[in-house]
Amino acid sequence: MATQTKATFQNGIPTTLSKREQILKRFKEVRSFTMELAEPLETEDYIIQIVEHASPAKWHLAHTSWFFEAFFLEKAMKSYQTKHPQYGYLFNSYYLQTGEPHCRNKRGNLSRPTVKKVLDYRQHINEHVFEFLENCTDEQFEEWEPIIEVGLHHEQQHQELMLTDLKIMFSNNPLHPAYLEKSRPKALPQSDLNWHHFDEGIYEVGHPGGSFGYDNEFPRHKTYIHDFELADRLITNGEYINFMESGGYEDPKYWLDEGYAQVVENEWDSPLYWQKNSGQWHQFTLNGLEPVDMNEPVTHVNYYEADAYARWAGCRLPTEFEWELAAEPLEVDGSFVDARHFHPVGANPAKTGLKQMFGEVWQWTRSSYAAYPGYETFPGALGEYNGKFMCNQYVLRGGSCATSKNHFRKTYRNFFHTKFSWQFTGIRLAR
Amino acid sequence: MATQTKATFQNGIPTTLSKREQILKRFKEVRSFTMELAEPLETEDYIIQIVEHASPAKWHLAHTSWFFEAFFLEKAMKSYQTKHPQYGYLFNSYYLQTGEPHCRNKRGNLSRPTVKKVLDYRQHINEHVFEFLENCTDEQFEEWEPIIEVGLHHEQQHQELMLTDLKIMFSNNPLHPAYLEKSRPKALPQSDLNWHHFDEGIYEVGHPGGSFGYDNEFPRHKTYIHDFELADRLITNGEYINFMESGGYEDPKYWLDEGYAQVVENEWDSPLYWQKNSGQWHQFTLNGLEPVDMNEPVTHVNYYEADAYARWAGCRLPTEFEWELAAEPLEVDGSFVDARHFHPVGANPAKTGLKQMFGEVWQWTRSSYAAYPGYETFPGALGEYNGKFMCNQYVLRGGSCATSKNHFRKTYRNFFHTKFSWQFTGIRLAR
Amino acid sequence: MATQTKATFQNGIPTTLSKREQILKRFKEVRSFTMELAEPLETEDYIIQIVEHASPAKWHLAHTSWFFEAFFLEKAMKSYQTKHPQYGYLFNSYYLQTGEPHCRNKRGNLSRPTVKKVLDYRQHINEHVFEFLENCTDEQFEEWEPIIEVGLHHEQQHQELMLTDLKIMFSNNPLHPAYLEKSRPKALPQSDLNWHHFDEGIYEVGHPGGSFGYDNEFPRHKTYIHDFELADRLITNGEYINFMESGGYEDPKYWLDEGYAQVVENEWDSPLYWQKNSGQWHQFTLNGLEPVDMNEPVTHVNYYEADAYARWAGCRLPTEFEWELAAEPLEVDGSFVDARHFHPVGANPAKTGLKQMFGEVWQWTRSSYAAYPGYETFPGALGEYNGKFMCNQYVLRGGSCATSKNHFRKTYRNFFHTKFSWQFTGIRLAR
Amino acid sequence: MATQTKATFQNGIPTTLSKREQILKRFKEVRSFTMELAEPLETEDYIIQIVEHASPAKWHLAHTSWFFEAFFLEKAMKSYQTKHPQYGYLFNSYYLQTGEPHCRNKRGNLSRPTVKKVLDYRQHINEHVFEFLENCTDEQFEEWEPIIEVGLHHEQQHQELMLTDLKIMFSNNPLHPAYLEKSRPKALPQSDLNWHHFDEGIYEVGHPGGSFGYDNEFPRHKTYIHDFELADRLITNGEYINFMESGGYEDPKYWLDEGYAQVVENEWDSPLYWQKNSGQWHQFTLNGLEPVDMNEPVTHVNYYEADAYARWAGCRLPTEFEWELAAEPLEVDGSFVDARHFHPVGANPAKTGLKQMFGEVWQWTRSSYAAYPGYETFPGALGEYNGKFMCNQYVLRGGSCATSKNHFRKTYRNFFHTKFSWQFTGIRLAR
């Protein structure tokens, strides 16, 4: 289902391995990377939910395990019986066809099960997946391997969310605790934006098949793209401060109506996590509170801010298909979470061509998240994975410094509501 | 500006008249139709604001006059000086570049100016428009005639809003007062939906120029449309009750995530204005409370409801371009406000081809309201007319029983937030 | 019931009249004073509800008539049948035992019945009361006369509310319309506060019987009062500005915990209706917007403000029994609504003794509104008149410039929630 | 200050010890009892804040230590310097004169400092208090001993809050975790209420001096009490269920106006923590979810419920002075937290006289929390301890199963807002 044609697996795993060996290796890697990300945490850090849209780390650890239990083990292994029937209620996110989930905004009310119990649960799930992969028939393997693959990509999405949710939690603590104190490459001064031209015409967009993709990337289809230009790099903090200092947040003419209303209501005057200390802009990062670096990409801007910045600059945001057209011939480089910087880094001024297209920050597009012509959801309760969110959200492309590189594809469509900025989101201009 | 090429005026006005005579005639007709709509009201009916998005009738009367004052008279006539400087604050809607407006949700706090004073203000504006049209030079006429035209279309939009806002106001009164007791043609039984097929290909959409259009209809541009089928008529109340009675509102699988959350929160179980009395569905109309007619089009459904109905029926909503492609060859017929039914009427079962494409109810499309490639806003403060709302709203097409026929065009793009149902909104299916 | 012993009527009506003539005269006077207060209004002024606790003038006119219908006519006159059964729903305030009332915060949603219809309803009620008084037996008269008396005092309470509710409505209109343009005596400079001493001991408080009183004034009972001093006059605007200018609103040490939280939340920095224009404090009055007069009593302060002022001044608010003890020997003078100033006036500096004890502004006491020992409510649904509000409200004493003099008694207990300031409320200090 | 006359210490500590030894012993006992209460907790249990009025256990541990630091060590010990300057912001509750505190409703946002760090902080404070008591001069001891005593009573209040706040936290977990699984004495069937009569007259109430008391218990003063009767025991769950089953929650005539509005808004139909499982009422306790025992005292009722129950029963709640008069001659018995039942137990049917006057549940009185005549607050920032809450709260008397016996006095005035029921609150009737 998710893999729409028979595919040779890649994701950095040697194809000389059998398919069972490959998926087992990948399962172990993804599951243990989750534990690596949790390693710097104190027990107390796993519990707290600051806002409805950000979950406690403990919840992410449990939910990603429940996902394998509910969509795979309980269906694929006759002998499997859950040890914790209530976890299906506590750790379901939004799969209403699977049963009523615990209120999303009450995930921080739960001191129990303890972190240790949740880690036991993860281990319990791991063991049963190993057991399945060892003992299943080839037919069973063919049937369930795509679901395991969905489960792994699902866990990789939650790895990214766990980092951004920890960030919002630490940022709400006046002690400004760091998730992990790490250095990253110093950003170099950036030259002016260069513009890359693309010709008008009919293009094919969407996932070509042959490897894993979410349902929302299919089917590949024709679209008419008008000619446009795309900026060669992301907007920097320095450029964004120019916008701020020229009164960008005060002048409604740059803003969508909804956006300006929220600027006024929430008294926004800078990106999320920014604060001015002694006349100097600082931002809270996963490394703690830092002075803002003028040459790094601006991040934690919402759609309204990205759109207003673009209008102020006399440009606009690209559509998702413009972005995809530009990305198609490029090699996927850039800082993903694999680099373990946990923050976007500056572009290489020496490099020519389109830069920072991948990793660093998710790039807002002006495309409302919608079904492609002929779209079909994953079957069953997994059909709720993507389709039911196709309303009042906007597409982001390119991955971020919190995304796993082998989770990412050029046809990958991320999506968030226009008001959200707690993800690593940034700005690339078009015109 | 609004008229993008030199156009022969039509709007039902003989082109043998000079352009000045034409615009004067049209000005008088539009302005007096506003008064005709207000005629059934008691003084008390002009004052009340029930919800933020629906304004008092008095406000509509004043705002449509202020619009001529602020965008035309104060700029075009040197001698003009407003008699009521505070009206620019009280009766501005959302033109922030013109000055700060009175809070939108406080329009119902104002007993003064009295209705009589507002009617005097309307008369004052009329007289100055007449004076201008009589005395202006040809050059001045050429410059300002398009703005007057915008002002007249603007007033026609507010005529529709005035009716829907009065409806929400009367509906909140337990006495169920009728706006106007009128009969309308009895709807006939409807046959099953017939489907019209359209072929895939590149099409041109948007306003072709040569007559009036809003900025958001321009520029005409190419788009790729995949093959599709369109239902020949609107969904009826009877069909919608089938959805309701089969548990449509209780089953999340038909709903967008946001939509189902609102169903639960607001306890929606039927369209706006419906109530069940003694086991029989009734709806509040501008004629008062009436039993629901099974053969009339369902109306006052929001986007979530239209989308859920479509999914329940195994179909989907059309895109705005699919709708426009289908509408292009058709004659504009149907019940507009000119018919003075103030409610949609049933389709003619004897008629073949696409029916009820125009008038009756605005048809929800699945197209998020967005700029066309190369879109440019009206210049100056009028640029806020459309562009700043291009976010988190969906396009509706076709006009309604509250729309003036000579205000409507096939390229006309109406738009509302997904939660709203106080307009005459309905459902046409595609697949 | 209300009249706890056989009383000679007074209220300014010659006792040479028969009891029937007296009550008829009083009925006519009270009912027509309501109409006198409505006389300056435009039709539009009757409709609007700004906040839940302030009702439209139309509602007051209807409610005071419904009160006679529900508690008197429908019970006392066999033949009486209401012409408007829905009015019992629309115009009931809070008598749950009489039937469910229309939502309190939706009284401004009703354009119908029109003002004219409500005036017809008032007339209809009047005629039936006249008919009853003319035709009833002496026995019936004895039974129902006390209820009519309650209805008249009830209407006098609503006269006061109508004025304060109109004031809040007009104050929310940026045009600052005056209810009635009238002059009032110019206030003279005030001398320093003089203090009157009272000795500790057992005192009797509460209504002594022999004339009308609400249930909450009974029974007269003993209480122990510790010695105290009472200020000879009300606090002036000038004195209150001293408090403001010395940082009174910024320093939590003067405030109750709840009060300071509300100061911060609501950004209070002055009494209700005050605004600073060009460096000069103005207040909105029923005469329109006026500069604040330093020698007039401060008014429209809530309990928190009164209490904070007292603490700032090194004093406290009196208890209701301290006030009653001090008032007992005094003649009831002062500006009541009968003076038609519609605003408190300054004290007479030449007068000695306690001044401004009556009329002008309701004086906040530190007494939580509670039942007297042995308290019994009025019987039946009228029992909801007072008793159910004895919680989280504070007692005010003395009447105001919006109170009818013949409605007032020295044992009269008014009560409001601590946050409210839309009544004519002011400050007298004790220590 | 707090000790208004020179007092022999008691609190269960032999008076043969020197005053230094006594306070040191008591300090150690109180501080270690806090740790005993925390002993059953997992690290995860310390962090969560469910509602604004209930704080995390970690916060209580830190706040009670900060209290000694801010009000004692930093002032009394010249050499003392805080190691954690930010704790004064994080762990101040509401002492605005001490500096701005962290938002009360954000106490659950803090994963850091960790529990371990907070325990280190407690130890650090303990050591400095020991050091002071060892080295201070007699003069210093006389000056600061009363403050240490306030700090210990303060910590005992927070011990009670910690238990009730843990209860609300565990109750919000669908797994229903027990704080501590313990049995308590089985309640015996109760006989009908017996009534004890008290004569009218002047009485003295308030703290007589000679031992510790809060400022709000002073000065002892005369009051006039009318004759009354007091029920001999608390209302049981069985009696309360009679109220519920006779429609008590549905009939507004039993309720204060505010109370009934909240019943409707919050859909209250039983005490807090009750739920009906398979037709049987259960309550969440610190021992987990249990069937309701008909003979135990009802608890977790708010003021509105207590008042409504009393009205339904044809009685009323006592005043705080009626309660104090009745309590004066009695021995303080009953289950306090010292019994470690963590839940109220049934009365002894064999005992005569007033029962359950102390311990078990706080008894709501009808007395609004107010200053006694001549009341003076503690000096300095400690003046915020009690006085600023004297508004819109009601007095409770008697202590509870979560109160330390040596923290309790017969003149002790507890107080809460009328809507709260998360404390161990119950009902004793008067008439």
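Per-chain residue numbering starts at 1, and chain names A, B, C and D are given in the order in which the chains are listed.
We take it that a contact is a pair of C-beta atoms (placed from the backbone, for glycine too) under 8 Å apart; a residue touches a chain by one contact, two chains touch by 3 or more.
What you see is a predicted model; the values in this text were computed from it and never measured.
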Neighbouring chains shared between subunit A and subunit D, ordered by label: none
Averaged-CA centre spacing for the pair subunit D and subunit B, given as whole angstrom: 61
Centre-to-centre distance between subunit C and subunit B (centres being mean Cα positions), rounded to whole Å: 48
Centroid distance [mean C-alpha coordinates] between subunit D and subunit C, Å: 39
Shared interface positions of subunit C, touching two or more other chains: none
Arrangement of touching chains [line / ring / star / complete / other]: ring
Partner subunit C, residues of subunit B touching it in the complex: 42-48, 50, 58, 86, 89-90, 102, 106, 108-115, 169-170, 172-175, 177
Interface residues, subunit A side, partner subunit B - complex: 94, 96-97, 202, 221-224, 226, 252-253, 255-260, 303-304, 307, 316, 366, 368, 370-371, 373-374, 383-384, 388-392, 418
